[in-house]
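Everything on this sheet refers to the single structure shown next.
For clarity, chains are labelled A, B and C in written order, and residue numbers in each chain start from 1.
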Amino acid sequence: MRGGLCDGIDLIEVRNGALSFRVLPTRGMQILDAEYAGLRVGWDAPVRGPVHPKFINIIERGGLGWLQGFSETLVRCGLASNGPPVEDVMIDNQGNESREQLTLHGRIANIPAHQVAIEVIAEPEPAICVSGVVDESMLFGTQLRLESRISTVLGSSRIQVNDEIVNLKTAPSELELLYHCNFSGPFLEAGAQILAPIADITPRNETAQQGIDSFSECAGPTPGFVEQVFFLHLNADATGRSLAMLQNAAADKAIVVRADTAQLPCFTVWKNTAAEEAGYVLGLEPGTDYPNPRPFERHKGRLVTLGPKESYHAQVTLDIRDNAAAVAEVQAEIDTIQAGRQAVVNRERHPDLCG
Amino acid sequence: MRGGLCDGIDLIEVRNGALSFRVLPTRGMQILDAEYAGLRVGWDAPVRGPVHPKFINIIERGGLGWLQGFSETLVRCGLASNGPPVEDVMIDNQGNESREQLTLHGRIANIPAHQVAIEVIAEPEPAICVSGVVDESMLFGTQLRLESRISTVLGSSRIQVNDEIVNLKTAPSELELLYHCNFSGPFLEAGAQILAPIADITPRNETAQQGIDSFSECAGPTPGFVEQVFFLHLNADATGRSLAMLQNAAADKAIVVRADTAQLPCFTVWKNTAAEEAGYVLGLEPGTDYPNPRPFERHKGRLVTLGPKESYHAQVTLDIRDNAAAVAEVQAEIDTIQAGRQAVVNRERHPDLCG
Amino acid sequence: MRGGLCDGIDLIEVRNGALSFRVLPTRGMQILDAEYAGLRVGWDAPVRGPVHPKFINIIERGGLGWLQGFSETLVRCGLASNGPPVEDVMIDNQGNESREQLTLHGRIANIPAHQVAIEVIAEPEPAICVSGVVDESMLFGTQLRLESRISTVLGSSRIQVNDEIVNLKTAPSELELLYHCNFSGPFLEAGAQILAPIADITPRNETAQQGIDSFSECAGPTPGFVEQVFFLHLNADATGRSLAMLQNAAADKAIVVRADTAQLPCFTVWKNTAAEEAGYVLGLEPGTDYPNPRPFERHKGRLVTLGPKESYHAQVTLDIRDNAAAVAEVQAEIDTIQAGRQAVVNRERHPDLCG
């Protein structure tokens, strides 16, 4: 891409015959957006993106610089940390305590990929796969490698992200990984619904407490709306698979996020139904942890620790539905998993979940 | 441009038949320099520029990183803030107080433009116009857009900058905008004069206090000279237009900065007649405010507040004079505006002006 | 170079018929690596480099961001400072004290060169020379210019770095310059030896104190090994020239670092024989000073001060030996300089050397 904040970005557009999507190797193999049957998957961020990492300074504005580049539909938050800017205490290469100032949602979104490849796969089904390697590493620091494979079966309405995160060190490493999947129209609108097989749900902030009763309902663009964040556990099928769906008001269009609760046990919902200009958007975010300060997540035992050379696999699928029957199919799938169980609704912030 | 700190910069050179100037879309539509009748408009900054924003870290050196790229003849300071690095307290998207570390002269100078275009205009006079859009925006942050049009009438000795700053948010936004216009030889030299229809003038710093009596006189390059900064209000004509001129010792060459006192009521003069190597330069700087810490300017009521979708227009003209008669014409223009009024000279820093 | 963290880097490969090496104008004229007689000079840094400066934020991680790009075999640390991140107190352009947050090993490694040229030289010997200019300068700040000439005589096994550092200011400037020369296999291995005409040697850290007796011995890759740093003074020949050598276990391969003790009186050895994945490497580092906090080095009188327009010359030579006789020749050279003198071994950290 040429000019403005996009200058120098490499963009890979994949078309499977029915679905198209765009991958950004320059921004850590994020998915910019997708289109299926005339439905656009994505959102209109206040920043006109995609933004090349060379224009991003993640430590600006007290560690909120990440927001200057936040515009994609699938953004990984991690790998060493996600969540808000906070000071953490680490052990350095000399064995001493060292203080580190973590920045919002970590570094992986702003590191370019190498070994980028596009393959056509014949088995088990004909598919196209874009792969790339993103290294979050430095001497005496983290050495986490993301090997990402993003694939789509020809003619399907699905994008499958298969990530392998490898600890290249000979010492253990902590990992935090969250898939910040962001959607707006035509799925998000007044009357749109969030459906999922919810085991329990907890508001993270005060506005979320106020909005807990209408959690599943989405408002239209609302100037002045203050974001609401909810922390969920999802029920899963026998193999651990679960899902969450955002369906439009007429229930004839939906976007589904599928993940494995063993890999990504923590599910965050970000309601930001503010004005269009302020980034009207809903986030469905499976993660290894909740996007709290890392010291809090460590204390609560939600950090993944990878041993030397150990790797972690995570799979996330985006699944687009363009008619009422296809949406109803997912509703039935959710009902089957839920099996009549009642979601536990915490009406207040919970000390185990909210840091 | 290729190589060194310039690598990757787009540069647009405009020639109107008599005057040429160079615009930098990659650096927020700044004007690098100009030439008319063999007279170079610009200065020799200690940094060999122009410098691509990818090599600038505005928060380096305690928020002074902006200086690493400061080398143009017309540089905008803004849009959310100008002035020195300072902590400011803002209200965040959750309605809470949040502390923000402002950096020297803000972000707009280091953001690349998009929608860059060159037009030839027939009416009212044949002119060439370079335009571009620069977005200073991020989620939960400022969303100010600069739409800049820089034009020159064919055969003229003038460059006109027409800027529209739009608040894209649905909430009000503060704006600070200052045009840092920087000139050196052949205009600046020992015996060069600063002329303007001054209503009042106030020294900002101690060295300026010492230099207040010789304000209008310029020294030659003086190793060890410490910058002097003066805050002025200018008188204007009936339509609000005013001007300031830097004329050479022989009064046969001059550069004139024209602005509207309703749009840009605060005028700052920066005398930095240090050694050539240290950036021998004079700044004539019309602004919406004085480059003081933003909390101080807010307290003094000098911040512009733009309502939702509201925009602010500012026009600045650079006007080059290459002979004694043309210089005398501007002197007469200044005298006409001044109409015999005496400038109020504050000999000490003033609590309303100096933060 | 294209893609990943290397994207946009210019790389110059020089081949003299026997020896090849690669220079990085984009990274301040560092030497990435070299090859002679099948022997690779360089190391495998945890970061997959070379890394373009646009992806480096030197103030990240408390001023350790430099490590994100540290992957070359010859890296200059300087020019205004080297050593760890630390706050220093400087006098600003107004004559006032100002606090500056120095970052690890300074800025020069992440500034691109301009005026890059390649020459073939006939006299005194036929040679190839790559030259470039790197400016570490900004308004009201440092204005140090590095003019680097990196040359090799045709058919030789040597690379000679000739650097001129010029203070462009009309005021004096401090200078710190250290050549971080980093080597791994085939020179570094279990049983490899460090040889030099040592006048005195002092451990910098606790692990170095523990390792002082086996200073000259190198271990194989050792997971969990904590770096050891030693500060040395070297004896020199009558003209001031000295050297240090890393030879392999069989003493039939060696890399020699030659420098002038008048130009670069402080010699640092960095043993980091950690796991291969953690950057198994040995550093031989001639410098104007030791890489301590700058205020400490100033206090100890080890900072170079350059007067207005004054320049400083430093020459460093890398010399590769590919057989036992050639290695023995250097051993003899070291013995001749040492002339039977015993090295003074400080077994504890020394208050004059360790800040």
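One rule holds in what follows: contacts are C-beta pairs under 8 Å (C-beta built on N, C-alpha and C of every residue); 3 or more make two chains touch, one makes a residue touch a chain.
A quick note: this is a predicted structure, and the numbers were derived from the prediction, not measured.
Q: In the chain contact graph, what is the shortest path length, in steps, from chain A to chain C?
A: Contact-graph shortest path, chain A to chain C, evaluates to 1.
Q: Since chain A and chain B are copies that touch, is their contact same (over half of the numbers shared) or different (under half)?
A: Different: fewer than half of the residue numbers at the chain A-chain B interface appear in both copies.
Q: Any idea how many Å lie between the Cα centroids of chain A and chain B?
A: Each chain's C-alpha centroid was found; their separation is 43 Å.
Q: In chain C, which residues are in touch with two or more of the other chains?
A: Only 8, 54, 57, 59 qualify.
Q: Spell out the part of chain C that touches chain B in their complex, as residue ranges.
A: Against chain B, the touching part of chain C is residues 8, 10, 25-26, 53-54, 57-59, 93-95, 98-101, 111-116, 135, 137-141, 143, 168-171, 308.
Q: Taking the touch rule as given, give the residues of chain B at its contact with chain C in the complex, in rising order.
A: 3-8, 45-48, 54-55, 57, 59-62, 64, 67-68, 70, 205-207, 223-224, 226-227, 274-275, 277-279
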